[in-house]
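What follows is a group of structures, each given as structure tokens.
The following pair of complexes shares a single chain, chain A, combined with chain B in the former and chain C in the latter.
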Partner chain A sequence: MAASKAPAGHFSILYFAAASTFTSKATEHLSAPVEARDLFSKLEALYPGIKDKVLNSCAVTVNLTYIDIYGDEAPDLEMVIKEGDEVAIIPPVSSG
Partner chain B sequence: MSTTEPSTYKPDIPSDPVAQTTANIHIELTPNALDSLAATRFVRSPSAGATVLFIGTTRDTFNDLPVSSLAYTSYAPLALATLHNIATTLLAKHALTRIAIIHKLGECPIGEESIVIAVSAPHRQAAWRAGEEALEETKKRAEIWKLERFEGGDGVWRANRDGVMGVKVGEGEGAA
Partner chain C sequence: MASETVIGSLRQQIATCESQLQDLKRQLAEVEHQSQQRRTNLALEQGVHTIDDPLAFDFSHGIHDDFKSEVLAALAQPEETTPPQRRWPLEANEYKRYGRQLIMPEIGLQGQLRLKNASVLIVGVGGLGCPAAAYLVGAGVGKVGLVDGDTVEESNLHRQILHSTAKVNMTKVESAMIALHSLNPNVELVPHQGRLTPETALSTLQPYDIVLDCTDTPASRYLISDSCVLLGKPLISASALRTDGQLMVLNNPPLPPGNTSGGPCYRCVFPKPPPAESVVTCGDGGILGPVVGTMGTLQALEAIKVLTKQPSASLNDPAPVDHPFLLIFSAYSSPMFRTIRLRTRKLKCAVCSAHATLTPEALNSGSMDYVQFCGTVGPIDALSSNERISAENYAKVRLNVNPFTGSEPSKDSHILVDVREKVQFDLCNLEGSVNVPFSAVTSLPVGARNGRANESNPEAVWVSELRQHADKPIFVVCRRGNDSQFTVKKMKELGLDNGGQRWIGDIRGGLLAWRDNVDREFPEY
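Right after this comes the complex of A and B.
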């Protein structure tokens, strides 16, 4: 579950539930830095179709804090995901 | 939204329980069988006249389709933080004495406990309300996912917020 430490110049990304199904991965390392606004298009390039089928209904955390990157005016679009950060794709939850 | 998993899918779960305990809050995610008595004992207090215990067990159907097995996975560090935040908020809002929220991870056989919530308060009204609110907030927010496997079919990731059958992930899967 916990990602292994990202190598230099990379961040860790964790995929849960449907995101893990779609990528066939629980975690991987991607090159940093990335502007938060480019995260979904970067993932779409790696996994064609993931944006519509999975990401559009997911939330995103960076170092355990939710970021808001939905819509043109979203507050965290210019945030930079840096080397060593832990990003997670959070599909709609289903506990209980 | 939910998507399907092949029947061979095994969720990645911690082999040991992860927990966060303070004097009046106990949060735990565990691959072990849930112990509702232990949760009750944690919240009991001479200053609390009411203890409310909720036990959620896994159902054998979804929309009348037979479910053969269930498994839970989690982003454990974030789920612990979220559950602790829910507990802290309810403790203050309802002047609770203590609260415990324990959730199962990994395989959960049908009919067994998947969540246990225990709350204590000086009086019963606060305990009832807080118990219900703790469950609703947990279902809405805790970063835990349920995979339901149907008899003779694949698994489906459930989403609490839509309550409808999932859509299959098809082409493009694992494209990298």
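Right after this comes the complex of A and C.
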């Protein structure tokens, strides 16, 4: 899933494991900017059901750094995902 | 059969003897060590009295004090660095065995001695635990504990490299002990038969320096992480499914809960478990041997790095703190590896923050229900009994008469829909069955029932094909009998049953039941 460079006004998003299964995609480009607090609802609109089934238990990263948007007082809710950023949706993998 | 019993009993005896031998060796080593220490102490005591020689006179009376202390210090030096009882800190065979890693600056003599004095607990001796254990035992970790409650199955062998064909049905712990002992008899192996539970976790983990989570369920991942925080142990956690893997070094440094300089725990990264029905096992999702092997190997590597880490030389120059990370391995992507920088401990983590609520007492008492926290999926029972047919009765349908509709025999009398994914359908299928992959069923929009095909919203090909034969009953089959029930419901939502005029139902227990009760030659995978 080498994310091709996002076109102007977009960011790249990578879907791993269960997120990739749910969206049937490894990567895509979405329009920027997006406030981190709105990321999940934006994805829910694209993929109905994904929030409860996948996103709520996922780790989210922006440019290879973990962001904390879990709960109403999470520190990174106001962070802005900008044009050209790379977001990753990382569900926990538990088998082994 | 008889020879198998003999083989089993001989294996049992060998295992028992080996563990006795192991124990005797350990006892011998202890006694030897004690007697050497006694000799050393004796020599030191005698040494005090041997200054009674001609030189001693000069030292006491004729030499400047500064010079005297320097000379004494120089003379005393060899006594301290090379204890008289042993010339070399490692055994002769250890220099040879570990030579290739000993000559690396990352390990060296001090690193090897740290490994030798260290103990590691490996929870789960499967696809992750086998390679992890092999490399750690190979590297000369002093003591390795193994936890597992399973027995070896044939379907494990393509990836669980310590187990072998002859050891199918043996416990995984026993099988691994045999393989590891023959790999490196210098390592003390400790068996912990059975699954880790909240009640046993703390006492099992307590004696070890570091823990490897090589398990396969969300519940065990939270349990092990919580226990490591409570006990102050670094945790190396890995997982793998299909072509993907994840690796984290957690609770490192293992500082007490509330200390913000400590490493994050599993809950800091994944505070909420995935919904139980979305959790896919290797048995259902598949796993490629080298993928899980890579992750287990990386766990061994990280364990060696943590164990051999050199302490800071001085207070002014503290050892660099390793930044916490999450490594994502994706075998069919480019790049294959991505390293994600993690945050420090979460300010409100329920286990490792200042707001932590978990206590050792709560864990030991069993009041923490990890299985409930992660949710469970009971056997699915979504259909009524007249929407289901047993494998035996379906076999009669294929040969005789449909017990529900009374229609004529022959395979053409009905439609058999197999909802396994195409790759599984291609492995083996029942003659005349039609493949509609379950992913195609679930991806149909929920509101599709009202939307008969129209120009802007064309109907899926498989749905319209099934509509064309409105008179034939539809039997749905899958691997185990869960997805088939969901599919029957979906087909009825789509109106394929013509308002109840056409029978649609599933084959109870799926192809597994077909194999068990009808056709023993149907492949099991």
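What we mean here is this: the second predicted complex is superposed on the first by the 93 of 96 C-alpha atoms of A that agree within 3 Å, B and C clash if a C-alpha of one lies under 4 Å from a C-alpha of the other, contacts with A are read in each partner's own complex, and residues count from 1 in each chain.
Basically, a contact is a pair of C-beta atoms (placed from the backbone, for glycine too) under 8 Å apart; a residue touches a chain by one contact, two chains touch by 3 or more.
What you see is a predicted model, and the numbers here were worked out from it, not measured in a lab.
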{"item": "Which of chain B and chain C A:23 touches, first, second, both or neither", "value": "first"}
{"item": "Which of chain B and chain C A:68 touches, first, second, both or neither", "value": "second"}
{"item": "Partner chain(s) touched by A:54 [first = chain B, second = chain C, both, neither]", "value": "both"}
{"item": "Contacts of A:80 with chain B and chain C, given as first, second, both or neither", "value": "neither"}
{"item": "First (chain B), second (chain C), both or neither touched by A:46", "value": "first"}
{"item": "Touching partner for A:88 - first (chain B), second (chain C), both, neither", "value": "both"}
{"item": "Where chain A meets both chain C and chain B, residue numbers", "value": "1-2, 16-18, 24, 26, 48, 53-54, 57, 61, 64, 88, 90-96"}
{"item": "Complex contacts: residues of chain A adjacent to chain C", "value": "1-2, 16-18, 24, 26, 48, 52-54, 56-57, 59, 61, 64-66, 68, 70-71, 73, 75, 88, 90-96"}
{"item": "Chain A residues touching chain B - in the complex, by the definition given at the top", "value": "1-2, 14, 16-18, 21-24, 26, 46-50, 53-54, 57, 61, 64, 88, 90-96"}
{"item": "Partner chain A, residues of chain C touching it in the complex", "value": "124, 126-129, 214-218, 221, 238-241, 244-246, 269-275, 278-282, 285, 287, 292, 295-296, 326, 328, 330, 333-335, 338-343, 346-348, 439, 443, 446"}
{"item": "In the complex, chain B residues that touch chain A", "value": "1-5, 9, 12-14, 56, 72-79, 81, 103, 114-115, 135, 138-147, 157-162, 167, 169, 171-176"}
